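Just passing along the structure, written as structure tokens.
Chain naming follows the written order as A, B, C, D, E and F, and within any one chain the residues start at number 1.
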Amino acid sequence: MLINKLSEINKGNINDQIEAIVLITEIKLKLTKNEKKYADLSLQDASKKIEAKCWEVDENENFLLSLKANEAVKIKAVVGEYQGSIQLTIKEMERAKEGEVNIRSLIPTSDWGIDSMKKGLQFFYDKVQSPHLRLLLDLMIFSDDHYERFSTYPAARRVHHNFYHGLLQHVLEVLKFSYTVATTKRLTDRQIERLIVMGFLHDWAKIFEYKPLPESGFTEEGTMLGHIFMGAHKTLNVMKEIADFDEEDKLIILNGILGHHGKLEFGSPVLPKTVEAQILHHADIMSGDVESIQSFMSEDGNNEESFTGRLWNMGTEYYKKG
Amino acid sequence: MLINKLSEINKGNINDQIEAIVLITEIKLKLTKNEKKYADLSLQDASKKIEAKCWEVDENENFLLSLKANEAVKIKAVVGEYQGSIQLTIKEMERAKEGEVNIRSLIPTSDWGIDSMKKGLQFFYDKVQSPHLRLLLDLMIFSDDHYERFSTYPAARRVHHNFYHGLLQHVLEVLKFSYTVATTKRLTDRQIERLIVMGFLHDWAKIFEYKPLPESGFTEEGTMLGHIFMGAHKTLNVMKEIADFDEEDKLIILNGILGHHGKLEFGSPVLPKTVEAQILHHADIMSGDVESIQSFMSEDGNNEESFTGRLWNMGTEYYKKG
Amino acid sequence: MLINKLSEINKGNINDQIEAIVLITEIKLKLTKNEKKYADLSLQDASKKIEAKCWEVDENENFLLSLKANEAVKIKAVVGEYQGSIQLTIKEMERAKEGEVNIRSLIPTSDWGIDSMKKGLQFFYDKVQSPHLRLLLDLMIFSDDHYERFSTYPAARRVHHNFYHGLLQHVLEVLKFSYTVATTKRLTDRQIERLIVMGFLHDWAKIFEYKPLPESGFTEEGTMLGHIFMGAHKTLNVMKEIADFDEEDKLIILNGILGHHGKLEFGSPVLPKTVEAQILHHADIMSGDVESIQSFMSEDGNNEESFTGRLWNMGTEYYKKG
Amino acid sequence: MLINKLSEINKGNINDQIEAIVLITEIKLKLTKNEKKYADLSLQDASKKIEAKCWEVDENENFLLSLKANEAVKIKAVVGEYQGSIQLTIKEMERAKEGEVNIRSLIPTSDWGIDSMKKGLQFFYDKVQSPHLRLLLDLMIFSDDHYERFSTYPAARRVHHNFYHGLLQHVLEVLKFSYTVATTKRLTDRQIERLIVMGFLHDWAKIFEYKPLPESGFTEEGTMLGHIFMGAHKTLNVMKEIADFDEEDKLIILNGILGHHGKLEFGSPVLPKTVEAQILHHADIMSGDVESIQSFMSEDGNNEESFTGRLWNMGTEYYKKG
Amino acid sequence: MLINKLSEINKGNINDQIEAIVLITEIKLKLTKNEKKYADLSLQDASKKIEAKCWEVDENENFLLSLKANEAVKIKAVVGEYQGSIQLTIKEMERAKEGEVNIRSLIPTSDWGIDSMKKGLQFFYDKVQSPHLRLLLDLMIFSDDHYERFSTYPAARRVHHNFYHGLLQHVLEVLKFSYTVATTKRLTDRQIERLIVMGFLHDWAKIFEYKPLPESGFTEEGTMLGHIFMGAHKTLNVMKEIADFDEEDKLIILNGILGHHGKLEFGSPVLPKTVEAQILHHADIMSGDVESIQSFMSEDGNNEESFTGRLWNMGTEYYKKG
Amino acid sequence: MLINKLSEINKGNINDQIEAIVLITEIKLKLTKNEKKYADLSLQDASKKIEAKCWEVDENENFLLSLKANEAVKIKAVVGEYQGSIQLTIKEMERAKEGEVNIRSLIPTSDWGIDSMKKGLQFFYDKVQSPHLRLLLDLMIFSDDHYERFSTYPAARRVHHNFYHGLLQHVLEVLKFSYTVATTKRLTDRQIERLIVMGFLHDWAKIFEYKPLPESGFTEEGTMLGHIFMGAHKTLNVMKEIADFDEEDKLIILNGILGHHGKLEFGSPVLPKTVEAQILHHADIMSGDVESIQSFMSEDGNNEESFTGRLWNMGTEYYKKG
């Protein structure tokens, strides 16, 4: 049975043999206690992650050792289950042939819709009327150099927005939340324009801090320098290219990028020094925390308990009823 | 010269004699080093706070000793200034006669407009369609027992929303911010209704935690029990009065009220355990922090410095340019 | 060999076959690396916890899958040992028949003796002379609605007082410690009466926060609301039922319940605001910490080391000599 | 009017001239803004502390400059009051003549009674039956070298037990609390003996850490080394003098002294590693905190407020009603 | 009597009239309680800071109001003293005429000697053999754009190295300490070269973060962006100008600058990720802390106490004997 | 093939049979899931640590159970590898005969060279000219009672300087770093002498806190009392033996030992109260942190990643390039 999405597999398929094209996210050869080799695999497609075992290693060892994370493979496997979780036992596996699969189609993706998100970007871009600020956005976001990455990168390595278009979705959330606060609290037009620019740019450097999907992890400069420095550095250089960039806007926008983690202990080298920067910081936490809880709860498979397990970055469990 | 608002006084009035009706917010008799008595007063009307001295104490000592905070007085005073700040020297002072002044008119008040705020309340109330939740709001907010206090109390003793209608404005801010997040993040209708109810009720018990304006300070039960306990306690009792109140809604709403400070060290006895409760918490901080900065900056009189002083609850200074 | 208590088994019984009636506290089916199923069990009776394996799963799989935590079973097993710890290999197992065993007899129980503890309760109850405070205790503790639970529940899920009558023993410890402090430090009779009432009530709501033994874990309302809120809430409602309950006693007792964890970061929404509340807090910690260390050290089986392992809630190891 | 105790002065004495013998605890010469010198004094006797001014400095400047803290003086003064607090205006002042006053009678003193406290010491000493532990107490406490200091020193510089016999009272409190816990929790006789010894010795070195009353402050070695090190150091040396001092008792008692502050951040270089040491720690905090609150509340003069001010070492205010 | 250095004034000069040229560091007009104006001044020259009063304000008010911090004035004053501290009473004051004084000579200055410090710079510069690293130092430090500021600025606003050449002295200290560690711990030549470059550059941006002496305070960009960002930003731009700048050196040096505060909570947006960066961090703290204690103790005037007061940034007092 | 150093084994030896004399650092008998016994061993010699398995347990069980950590054994084993790490499969094993091996030669050792380190000790000893300080060093360090231990013990149980001569190397590092700071910052000769003495003595008591190598772990008194107390205690006793030991030196040196962890939360019961003590503290951290990073990076075997794993005591990962 050829299946299109891993999420189609359910407990009705136990003992069925399935065929699928999946992405390997992790592969390890291990030894049983009685010295038999087997392979432990983590697989995914855009719809789901799933665990698998391959017990016939000996005859395939070289092939298995040659496989790497982020390769697409075609598998034949038997659906199993043990105490609640579905697990595959792989019977046959081969590299997906070139042209047979688009890796992109195996990567989890924002469910907001790219067209809708582009309209969102346009909406906020249009609010920015000051020419120097528009130009800053043009050069940082809408240039050929960056737009592709900006619109496809994830916004985190795990927990929240760690999917295709994740950064884009996160930026739009931050812009929406910030804009509601800004209009409710009657910020001036100039403050609002700056806040929008800061929303666009605050996590911009994640396009250099992370490796592109399906990889997940930091680049060397990401670990050594961090997106906060890298983003403010690039922004300042682009500002210098723009003739007569307003000096106060410059300081406020850079402070907003540097300060958007809100506290020194979260990696901001300076605190937010304007009301815009403070709004940006809270909107950023709001976006990350809400998405963390929602995605964590949607992945929680066990429906017998009233509460999820503990979500590590939030420090608590969540109520699943209601 | 009779003046209507303290905010009318400016440096052009130095040495003018003015007459005004003001509220005493603090009065202390002190001794100069050469044993001369004088009185230090803090005065306000709805527009401004101002400091004053009265040097002729001896002949008026009994009258001065009889004055208390939150009394309205009619003063004649000379406008002075020393190194930048306006200060009054009181020449004559008498208690405002009954009927001569409405204390209410001397208290700082939300500039949002009560009609507009009532429309806001209605907007969010209308989003709550579940009968048991509507009834909860009817009994907690829109009952004769509480509506007067709910719609006039401040939401803090100082720093933010510490003015007439302050609680109401804060609740509306929290509702607006939460609602934007809830719709953006596609919460279910049931989640949204609960979040609105939690927004209405989270600080409800401040109407018993604080003394009414123009007093500022905690009631005894406010200090001993706190608004978090008092609010959840009352809400639970009202829920019990409502036939067949949904059990999950009950736990989630109460957890939202108990958890709205977000962390144990900020006085929540339990953490937020739902996405609604987490949104409420961030919207609450957003409202308080943004108002803190805005009101602090608007009171900062000295225009020679680029930065304000340090805002104690935010731990930093703010940039005044831009 | 039929044994009455698991604690009777010692290293002299290695390779003996024993029969016993025990409670399952955990059961999991697992797979060896060569795909053989086996069951891992945690068993206990009132005297001891013990680990067991069952290697013959295939023929019994349905029976094993049907077993749940907190069921009593009759087992035949061989006593084994490997590098120091006794472990059972189960050969036969069947559900205990109705009437064959009282689950209660398989649960660890306070060794203080229920009669002695009842005398203790009476002693402190007799010290409370004020009618309204007596009535509060009558309704909260000595009523048919609560006495059964109050006198049998544990006071914690693990580490200390997590046994039958555990709450009762903990309350008596807190009362004894508090009373010594109160008389030594010459508190007034009124303060002492309030302190006794607070000692009785501070953890009262654990009878709704926890599931009854032999289950161990939180109820839904326990996790969502916590015993601090639930206890103060119920106490306040009972106080309101009592005619003319003294207002100051009300605030002080409620503050004592709310504040008994001593610091906000430990889950008290307000700090202790009276000397009675502070005594209660320290007596509560004293009881929990001392019991933690004693029970941890009594379970430590390895007598070759001078120190125990690290006790997680105390953050250190303990000296076993002396 | 000659008065015997400063606490006799009340608002009925305003404008009376009084005579008294008092201790100077602080004296400072200051300049009024119009360059007139005056003296600010803090005075006390065993019953009360009081503030005083002396306006006639010029003719007495040399005498005033020669006065030091902790000298006894005879004063004639006029009783004054301003906004609630009694204050003296000194008209005449001279050094108390030798023999005219016993400084000791001007120092606040434990109200427990020295005879009663000696009985307390004997009670706990008698519980210690092991010869080596008795000998340790004999040499550390009941020797001619230390008993005088041990029985008269304060246990703190301020806040709690900072009075004559303060250390003795604190030690007895710790012993009483610890002993109740030890018997309630059924410690072995050996544990109880060690706990009593630790109670006696834990703060012993305060007799070298502080200056003797009426001075208040640290000695040089007190600041540089602290009573925790100094006490354990001396105790270990005395143990070495005792033939065949049990090795385990040695480690446990020293660990108890070193660990009695309970956490590294409170100055204990090691954590408590036995149940005795943990009991000692909690009994020590209990004694200090309860006395802090009681003495703070008894000094709070203003009866118009429901709450005291904030007690700095406890971090909160206290409720004065009830 | 014309004096050359304020530090020449001693208690033997009481009542002498002196003449001196000094820098005003603070001036405030104040009102005595009996409404007489006076001026409070803080004065300094390179040798000492001193407090002064001017009682004759009325006739000079316009002149006094026109004076600003950091102006040089010629004063005639009477030397006074009250309870230990020398204080001046100004009798005459006029602005120092152009050419009459070099402001520079009134500013505290490193006592290391500029020639000696230049030799130190050269010593470490010579250790850097890699052309791209040399060029980096040439462009950042030894260029006409920056050398003047780099060699004269202070390294802190207060407490340590807040004097002329302070940054230079601090950099040399950091280089010396680091170099000893690097050679002792056998770092490779490449690591040592990088460490030297990081020592030169870590606080480089203080030349834009602070205002030049005698002013003391942050520039706008200093407060909004901070020297950590500004320094790494400029360094990265200069690196980009250097052909084929080694990529690993780039990341390591930038990480060293960004991480030199050692922990996020001290304002580093990333942690030190190399052994060089960790050495730099500890050498930086060593230099700041040691200088803090030395300068604090040298300013402590009161020789009657064994300990200084509490040094705010170190959190403790220091022993003055020995 | 007889090998001399485990570090000689490399991937070219896969499937070779080797013979070696090694030290067992850990041995555990375990059960495979199909109930087959095997042994897990950690082995080392001076050059390297290596993991090993022994599958033939049954016939050798008594011998294996008799083996303990820190025994030397002669093994024949086959070199294997699985996914990158070398691992041995033991075929034959016997206890090394007496005389066949010197345990000492199997323990990792400082690579500084003992002669060079002795010269270092002499260099710093010669800087101490004051007779009472020299005598203190003679009695504490260079006496027959302590020199053997002092010159061979490790300075930590793991992470840094946990090798033969480790304490000696650490002391020399601290002395070198301190001395550079002291001369750079122009401390007086007396301060420098004290600082050297403090460098020699600060960790002295580790010779009683740890068990001797090849054991690794704390002695009972080490855990109960700690090296900070034990070192200051012994030092004070030796000072008392020295006639007329300067009182200020005594307090300063003891404070330096007690305070060398720099903060209470790191186990110092008092803070450093002199500039010498502060220098000592920073030099101590510098030595430990730098060695931690260097030894951690040298053990990191995997060369495919740009960064090491997280070093637990430093809280971060390190960059391996450059």
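As a convention for this text, a contact is a pair of C-beta atoms (placed from the backbone, for glycine too) under 8 Å apart; a residue touches a chain by one contact, two chains touch by 3 or more.
Please read all numbers here as calculations on a predicted model, not as lab measurements.
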(request) Could you run down the chains that neighbour chain D and chain F together? (result) C, E
(message) Need the most distant chain from chain C, centre defined as the mean of C-alpha atoms.
(response) E
(request) Could you find the chain whose CA centre sits the greatest distance from that of chain B? (result) F
(message) How big is the rotation relating chain D to chain E when the fit is done on Cα atoms? Please round to the nearest 5 degrees.
(response) 120
(request) Return the distance between the CA-based centres of chain A and chain B, expressed in whole Å. (result) 41
(request) Round to the nearest whole Å and give the separation of the Cα centres of chain A and chain E. (result) 45
(request) Can you check how far apart chain C and chain E are, centre to centre, with Cα atoms defining each centre and the answer in Å? (result) 61
(request) Give the residues of chain F that touch two or more other chains, as numbers and ranges in rising order. (result) 32-34, 220, 223-224, 251-252, 255, 273, 307, 317, 319, 321
(message) Building nodes from the protein chains and edges from chain pairs that touch, which of line, ring, star, complete or other describes the result?
(response) other
(message) Strictly by the criterion at the top, what is the full list of touching chain pairs?
(response) A-B, A-C, A-E, A-F, B-C, B-D, B-E, C-D, C-F, D-E, D-F, E-F
(request) Under the touch definition given earlier, write down the residues of chain F that touch chain E in their complex. (result) 173, 176-177, 180-181, 184-185, 190-191, 194, 248-249, 251-252, 255, 271-275, 278-279, 282-283, 285-286, 289-291, 293-294, 297, 307, 314-319, 321-322
(request) Quick one: which bits of chain D touch chain F in the complex? Just the residue numbers, please. (result) 220-221, 223-226, 228-229, 232-233, 236-237, 251-252, 254-255, 258, 264-270, 273
(request) Spell out the residues on chain B that touch chain E in their complex, using ranges where they run on. (result) 32-34, 36, 38, 55, 82-83, 306-307, 317, 319, 321
(message) Per the contact definition, I'd like the list of chain A residues that touch chain F in the complex.
(response) 28-29, 31-35, 220, 223-224
